[in-house]
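Labels run A, B, C and D following the written order; every chain starts at residue 1.
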Amino acid sequence: MPTLVALLHGPDQPGLVARTAGWIYERGGNILHADQHRDMDAGVFFQRIEWEPSNPARAPEIASEFSAFAATLGMSARVRSSARRQRVVLFVSKFPHCFHDLVLRFNSGEYPGEIAAVVSNHTDLAAAARAYGLPFHHIPVTPDSKTSAEAAQLALLRETAADLVVLARYMQVLSGGFLRSLNRPVINIHHSFLPAFAGGKPYHQAALRGVKLIGATAHYATELLDDGPIIQQDVVRVTHRDTVDDLIRKGRDLERVVLAQALRWHLESRVLAYGRKTVVFD
Amino acid sequence: MPTLVALLHGPDQPGLVARTAGWIYERGGNILHADQHRDMDAGVFFQRIEWEPSNPARAPEIASEFSAFAATLGMSARVRSSARRQRVVLFVSKFPHCFHDLVLRFNSGEYPGEIAAVVSNHTDLAAAARAYGLPFHHIPVTPDSKTSAEAAQLALLRETAADLVVLARYMQVLSGGFLRSLNRPVINIHHSFLPAFAGGKPYHQAALRGVKLIGATAHYATELLDDGPIIQQDVVRVTHRDTVDDLIRKGRDLERVVLAQALRWHLESRVLAYGRKTVVFD
Amino acid sequence: MPTLVALLHGPDQPGLVARTAGWIYERGGNILHADQHRDMDAGVFFQRIEWEPSNPARAPEIASEFSAFAATLGMSARVRSSARRQRVVLFVSKFPHCFHDLVLRFNSGEYPGEIAAVVSNHTDLAAAARAYGLPFHHIPVTPDSKTSAEAAQLALLRETAADLVVLARYMQVLSGGFLRSLNRPVINIHHSFLPAFAGGKPYHQAALRGVKLIGATAHYATELLDDGPIIQQDVVRVTHRDTVDDLIRKGRDLERVVLAQALRWHLESRVLAYGRKTVVFD
Amino acid sequence: MPTLVALLHGPDQPGLVARTAGWIYERGGNILHADQHRDMDAGVFFQRIEWEPSNPARAPEIASEFSAFAATLGMSARVRSSARRQRVVLFVSKFPHCFHDLVLRFNSGEYPGEIAAVVSNHTDLAAAARAYGLPFHHIPVTPDSKTSAEAAQLALLRETAADLVVLARYMQVLSGGFLRSLNRPVINIHHSFLPAFAGGKPYHQAALRGVKLIGATAHYATELLDDGPIIQQDVVRVTHRDTVDDLIRKGRDLERVVLAQALRWHLESRVLAYGRKTVVFD
């Protein structure tokens, strides 16, 4: 039975919970989940509602009607039907761990979506991608070719009708121009507990500083490096015995789990980004 | 500004979210938080709604009216006004750690309630309780005096108009008769990760079994020992180096935090027990 | 530079630390790591020493000489040369997650060992194993064929010169006779926080009991089901919203990490089992 | 039975483990624990040895002799007898949570030491300190009086023969001159996961950045603010629902546990600081 999931946000006002629930109920919809949040300081209301429409065949129209209704309340809404599987493009470089992990999760049916393509600035993972039956596109990036490489990436993302890009340890910074042209969310995994150790070689930085926990952070990519809204973070304990290589090894497990969790929440329409923060309706 | 918090549950049916929110909205109430849950297998709907009534002076009547309305939907509801501070009675024996921890939390304003009395089968904590300005009642319990001791406890709990009993490492089992006569929730902290190591000396059991994590469990007390609905659990890592004394010491920190968290959720009307389980709207 | 790692245990007595270190030092060895533990109650001394021998070519002889020396102190010792890669046989059934995870870790060089073969009572993972270039052996097991199946498994394990068997969600119980004939360690992953929820369907048991954390336990297999010495355990938080399917999904991540960690410690000669417990020199 | 604990460090060279253990063994000492670490990059050897000397009455002389022996190996050593209880001075301001927590731990016998005095720039905790029977010294600090206040603090610390100062949410920065004159370790608790959110109001910074975990860090104080060697860190999960007040409340529990753990390790001679890092022999 397909469901509709709406993510709304807008200026807070009394009655929003009752009115959105009422709208659905009056049209014969059955609300399965409803969660909301108020940012008291910012005066913003956030809501996620999931419901079974009375007439599944009309789901696309109901989605549009709900968005129009939300607009009359001063709220912007994104409504997604569970019947439509989202198309994800993975960007990778040489590290295989997040790549294999995500592919196995998609293959096991964990996610309401599918991998449309794999893009890499290297060829290390080409054979593995093809063994999984995934289209692999090698788009090399050098300082000189960055502009044309991004153009090629954008063309590919349009062709594949990508809904989302996941940077699965992709070791290149995306330009602001690329992000604006793409106009789709991009999720990155950074291998530190941001805002600590932003930038390059965070495990080396962590070893130098002598921290007792290392972290990983999944966030939406923005024009500023390692600065976008954080979706998920986690840490693991380290000791003086751990060398940089140990941190890298421990971090691999962390990166996989944190990125996988963030991707899951995003694909299930549980994440609303606003400013530098996110609301995660888990 | 006082708020009302309702905890509802009953057979699931379409429209419940819309109708409860609608009821409040039509009466000028402003919903601050609303959270719900469906147990699909059991077909039960659970909800917590917190709202500012239009007329705070009428809060008690509105609470009654809401309960009556919920009954028309086939649901039972408990409604509490934030203006009424709950009265908690602490039962302790000799261990001081949970006792001090809870008193300091009440004193710091962490909880919407107050300690009405301290009851103990020993006198070890009498001076500390009185130094905090708390009434302390010594009610010894022996196998022979158990019945009369429980009668004395019940009398005291009625006198103090207790809303809740917290067993802060109280080392006596309460009888089923006591629990039925009391007819108020009782929260216990058990020093293991239930259902592992129920019964006596759980840290010794854990050391014998060689587990790598020890736990603590806060649960509602029922007639069956260490069997009631679990509110909160947590664990801490141990190694082969930890003796039973180390487990006891590490466990103390765990017990304090787990009991404090469970009590907080209960006092904020976030916990609905059903069968052997709980719904915690955190 | 190859190293020797000795794991010793025996009755405690003064001077053991000095004498083992002295023996190595006098022979020109360079101790890299030394860790020890006393079980005060049992009066047992445990030690792990890792050293670079003065003459790597003589490593096998030095290992034998050290074992003989340890025997003169009343201690039994296992000494392993890092130059010899251990041979691991994976037993699997239908679940792919631990299987893929371990293979990828071996392939990435995380472990001082190699997968000698994959054995399964089903054929679901045959293609995946062969795609990784691993020999796959299908040995079906029914109540009637169990004895002959175990005989076939034993023959295979001898042929492959297996040092260790890893039950990577292998859904059959191994008989005591099998374990005695094999006379090699067997590591199992059980999908609960033992001793809670031993036996079948632990996630279903956990959902029924309403626990707030679920766990996974890696342990050495013994004749008694889910009872052997625990190597590693971990937990993950669950809520009333999690269905049995959610527990299974969350548990998959836990099982992978816990089994991978236990295997790593075993292959690095960090684990000494005694009675129902383990010493883990991490 | 009193023990001696030595913390050694110096340039790495072969034979150190054997020679220190041999020295103790030849003099009839019984080694209870020995742990060591090599920083391969820095070429430094670290060791902690705990032993029962053959003649407890000679413990002070044996300690001196061991230090002299360590010097012949090119290592510096600190040796402490468990018979001598360390004297700790607590510096506090207005926050009571770490203060009460530490006092209750000392009172319960958790630590091998005692609180010699409580120093504060405010009087908020004066009554509580005196109720515990602890000498309380009010030394106000203003921008103008800082120099004379530090002089008064130093005089007091000498009078009380303090071995260690613990800043239990003391809200003043200690000058480099103070730290050099004191020449005793100072442990501080910072309410963030350093190096993230150093400086003032870290919970406000964390709320602004939208992190999903908040942390606390216990470290040795140095002249540079929030920069000294880290002893212990931990984190707790937060969500979009947590206001700054919630972060402060959750952080209180974290600060208490992290500071208590760091203090325990220090008092048990488990911590060796070098450069900006620590070795913690736990």
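Following the convention adopted for this analysis, a contact is a pair of C-beta atoms (placed from the backbone, for glycine too) under 8 Å apart; a residue touches a chain by one contact, two chains touch by 3 or more.
Bear in mind that the values here come from a model prediction, so they are computed numbers and not experimental data.
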Interface residue overlap between copies chain A and chain D, same or different (over half shared): same
Remotest chain, chain C as reference, centres from CA atoms: B
Rounded Å distance between chain B and chain D, as computed from the means of their C-alpha atoms: 36
Between chain D and chain A, distance of the C-alpha-averaged centres to the nearest whole Å: 41
Residues on chain A engaged by chain C in the complex (per definition of touch): 96-97, 100, 104, 108, 110, 131, 249, 253, 257, 260
Chain B to chain A touching residues, read off their complex: 14-15, 17-19, 21-22, 24-26, 30-36, 38
Footprint of chain A on chain D - complex, ascending: 37, 39-40, 193-197, 208-213, 215, 229-235, 239-241, 243, 275-280
